[in-house]
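The two complexes that follow have chain A in common; it is paired with chain B in the first and with chain C in the second.
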Partner chain A sequence: MATVASAEVVEAPPRTTSMSIRAALLRPELAAVCGLLLTFAIFATLKPTLFLALPTAITVASTASELGIVAVCVTLLMISGNFDLSIGAIVGFSGYGALYTLRAGYPPVVAILVALGCGVLIGLINGFLVVTTRLHSFIVTMGTMLMIRSLLNVLVQGVPTKLNLDPRLANFIAGPNLGGLRMSLLWFGVLVVVTSVYLLRTPQGNWNYAMGQNRTAAQNLGVPVRAMTIFLFCVSGFGAALLGTLQAARFDSVDGSRGLGLELYVISVIVVGGASLFGGYGSTIGTMLGAFIFAMIQSGLVLSGAPGFYFDGLVGLSLFIAVFLNEWFLRNVDRFRGTPSTNTRASAPQQSSEAAP
Partner chain B sequence: MSVEGASSELRPETRGEAVAGRHLTKTFGPVTALNDVSFSVEYGRVLALLGDNGAGKTTLIKLLSGVMQPDSGELLMDGEATHFRSARDARRAGIATVFQDLAVCDLLSITRNIVLGNEPRIRIGPVGLYNAKEADRIARTALHRLGARIDRDLSSYARTLSGGERQALAIARAMYYGSKCLILDEPTASLAARQANGVLNHVRAAADAGQAVILITHNYAQALSVADDIVILSHGTVAGEFRRGEITAEDVMTLVSS
Partner chain C sequence: MKTVHSGFGGAPKLRRAYYGPVALAAVSLAALASTVIAPAVGAQQSGASTMSGGLKEASDVKIIYVGCSAPTTFFWARVTRGAQEAANNLGIQYQYLYPQTSGDVTALNQTVEQAIAAQPDGIAVCGLDPNASHSVIQRAVDSGIAVVLTPPENSITTSPLRDQSLPYIGQAGADEPSGGVLAANSAISRLGSKSIVCTQSQADTTQGVRCKNLLDTAHAQGAEAQVQIVPNDIGQSADIMTNFLRAHPEVDTVVTTNADVAQGVVQAKDQSSRPEVHLVTFDLNDNVLAGVKNGTIDYAIDQQQYWRGYIPVLLLTHYVRYKLAMANNFLTGPNIIDKSNVDAVTNLVAQAIR
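Then we have the complex of A and B:
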């Protein structure tokens, strides 16, 4: 056996440029980049004058930001192997939190903090329920989704209610202050940067991926899986509440049906952005691209004169394509990345069965 | 949250008794899984724990790794009585259990797998960021200490590893993070002969580097080829204790089924 002490520090082999290029190409965002370019090319060809105009850019950015703010937060949760279906309900409920606080006579800033707090609190409840009951998060959050939505409708009596938020504050958090672009784009950008750094450059980011790929291994190695799960549900709740706050401020109203069905669009955006439905794989940059693809499809269809109900059809179609590409890519990923070892290649598809909770 | 790589450079004592069990008994309702079992393993030696299904091997591992507590009897580490209330306790005390399929995250890089749960950090204000350069150094050093050769970029996904290389990764990781006693549960069960040989070499290398190793296996010939000490369990009791060369695979067969 080789003596250990002589060469404790082992030199890393040099990285070649072609390796770096390959690594860059094989990030989870690759398909989303292609999808984005394709969508852009299609609508830019169909309606060049309308689609390539500033007002369109502003609409697309606004839609993408609002969808993306939630989707980026939920991406972290999905990578860890969990779902959150209650986000749509949280969007509606957080607005009510702000309304209640304002009516109780507190300052507008407090109202916004309460609205955000509602989301974190519901996330805390979701996470706690998932960790203690050990039920699948899909079921747990479906339950809380229905209960929160129902509670909201009872509270607002099913009618939209005026919020009366201080216009200066509303304008500061949700107004078109960025040369016509809405502030939501700024919050979205901040979230994408923060979550990307978190995923790729913190120990917790490493745990986040490990939980989704092999929960037991992570637990055995000392990753605080339960605490992380609760934390990630709080992040998801926070994202939804942030959108709820922005929309309440923008429309200056609270509506019992706000955010209805949002969870399905958000999951679609995340999957189109390259994340695996089974957890363990994905990125928030990809989710950002997914949000822009969705926003372009939505605006592009309107500008092309297509009836609005084509939108869900196209969403469904892009979802199919994305899931198919993602899972194919995941199954074959070692063919592209790293030098495969000579044997044990046969057991490749085990990943999904391992990661699916 | 994890301690900041504090124990990473700990090297275990190189001589003397590392872990021992004294008169361990464990019952599940009417079933006695372990009955007055005693054993010990020294630093730098491999103890093979042999026995049929239901002989009590799994129960003994669970007691050692803190998953269960004995009804009576005691565990000793470095000669002192210890009591593990949880798996975490046992891990902190330096007992690393390597289960066969539960050690690796397929879509993390080899490096990230090795440092998982012990990631080196760079402090930037209140935030502790992942130290990729240090992690790479740790991964290389850990594999090198075991003499494990994984001839590819360590940023490759762990999915590309063969079964034997996964075992090597898990053993290297446990050794690097200061384990004193390494417990390997059927490490060669699903491996081809050549890879199994590689893993057995790693087992030997780990012991030579000072670890106390407990090897649990069904493959008696393999066990005899690498073990210094052999304990045979049968129906929850110790059916025999031997040193290397004192027993043949045929003898084990007879004892195991007695």
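Then we have the complex of A and C:
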């Protein structure tokens, strides 16, 4: 497949201004940038005093970071053509990993590592099951989601428990240490940078897109599809466990139902960020923007005094509009370029190939 | 299609392709046996053995409790513990069934159908949506099975005595409308609340009833009240409530109808620089008790779910054996847990009784 081979053999021609504009228009996150600016402008106009204030920035950053940490990791998996429905259950499970480690008398740092390790381990199991059974990842991870939740309920009997984590460590992990903004924003930023470099500047990133576009072709061209799939499920599990750890530290408690329904929010954020549900297209920067759009809509609606019973409906409507505009924008970019309007998404991996060294 | 022969000698070997379906069938049969066949055996025996006075032996009484959720959640672990202890104390046969999909009334009704098929003497049914369960409950009654609904269908806010036109021999549990009424009345009288917000998770009927009655009661007393929908995610609900408190400086009291959300509101009060806002929550857990002790939560409204398990089993057994029926609903809640009684409750929560 051209996208894989091109990383090694194609020399990019010198870039002209029109090519740069075209490249910018083809970026998966362009529509999300427009969506973010539009969302910001709407709420800044509706409630300027409340919306343009530090507490709003703090809550928007907090919601966006916590959702985004998982969404960015799942984006990699989704680009490869898989999805992980067990992320919510991993959020709940990892917190209890930390709790039991602390109760066993190990230092808090070990408890954090165990919590993260729980996520990676479950990801490893998910990935192994997907590549060995060849069942769709939706089915496999739905099964593991139910099994993890069930195991969690059996172990903890549904009892939310105080974690009693060292306050200094909890503050370092999840405290408001960035001028009032929570540390989750920093971890989110680090993840976005690392995953973007991975997607755009490494051969493995290219393989990721290739797997999502045509799995068989990628395999025939030498992409280690099985190993990559397992690796990406581990990344997804790690992201969920990181959120579980951050929330456990933030609220100093663990709860078996934590993360319930998270997967739907994560899908929303990723799709708003411009990624394709069918794989092969997307970016973690787009997902980051999607997370901020989601958080901004949620905060903006509350600050605008949206009636309580309509709140979820308005969030859903806003997300629908965001995704619809995203799709409309991408279709019309092709028209703007004067080319047939069918292949914008297929072009994206080529972009990443060109960008790769 | 090839025939699969039983036995080992000259029979063709089972192909690997058959292992899955055969195993699935075996598991299904085992599950069917555990839920249907075993209780039916008990029911066949029950007609024959009676005490000399015509009373049914306690050991022959078979009660099935159809709950709304798995017995492993915080709430239902206490309910099922109460029901099991009632069965042990009364010396009866007892079984707990629950739908695989929590909160789905169709799945609940299917579970009640399974319970009817087992021909018990009595069934305790979770009142997720009593209207939607009427037809299946009527089928149970028509089959000669006594039914207790938990929590009650008719509220004491509308009729002080048990509504005897309903098909149940008794009703037990927290009166949820009264919970909303108590939340509003206590906030106004104890905390001097003038503007209340009630948080509710989307599509949770119990929380909806609590909020609706809170709003009606508060409005009737001249206080302002409104509902804010919050997601299950504790981080998101904390951030939403932070912005809510910033956007509504007139709100002086938050009532959370879910104990998990209360923890997020504790943080929201700090983040919005509104520590003076009162916080009342429904239901108990470790964090709520800690909050009541340290003053971040004013008080909690409890429904004593252990009794929600114990009392229906007791009512059904006494009805089956002695034809006793309560004239009123047995209300297990609402009750207030505040600083004056929180210490007494803490140990019991740890023991999965409260």
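One rule holds in what follows: the second predicted complex is superposed on the first by the 293 of 357 C-alpha atoms of A that agree within 3 Å, B and C clash if a C-alpha of one lies under 4 Å from a C-alpha of the other, contacts with A are read in each partner's own complex, and residues count from 1 in each chain.
We take it that contacts are C-beta pairs under 8 Å (C-beta built on N, C-alpha and C of every residue); 3 or more make two chains touch, one makes a residue touch a chain.
What you are looking at is a predicted structure, and each value in this text was computed from that prediction instead of being measured.
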item: First, second, both or neither for A:262, with chain B first and chain C second; value: second
item: Which of chain B and chain C A:179 touches, first, second, both or neither; value: neither
item: Partner chain in contact with A:105 - chain B first, chain C second, else both or neither; value: neither
item: Which of chain B and chain C A:281 touches, first, second, both or neither; value: first
item: Which of chain B and chain C A:299 touches, first, second, both or neither; value: second
item: Overlap of the chain B and chain C footprints on chain A, listed as residue numbers; value: none
item: Chain A residues within the chain B interface of the complex; value: 1-2, 4, 7-10, 12-13, 15, 19, 23, 197, 200-203, 205-207, 209-210, 213-214, 216-218, 220-224, 280-281, 330, 333-334, 337-344, 348, 350-351, 354
item: For the chain B and chain A complex, residues of the former touching the latter; value: 1-2, 87-88, 91, 97, 99, 102-108, 112, 115-119, 121, 127-130, 132, 136-137, 140-141, 143-145, 147, 151-157, 159-163, 165, 173, 192, 195, 204-205, 208-209
item: Residue ranges of chain A touching chain C (in the complex, touch as defined); value: 47, 50, 55-56, 58-60, 62-63, 66-67, 150, 153-154, 157-162, 247, 250-251, 253, 255-262, 265, 295, 298-299, 302-305, 308-309, 311-312
item: Residues of chain C defined as touching chain A within the complex; value: 70, 72-77, 197, 200, 202, 226-229, 231-236, 238-240, 242-244, 246-248, 259-260, 263-264, 267, 271-273, 285-287, 290, 352
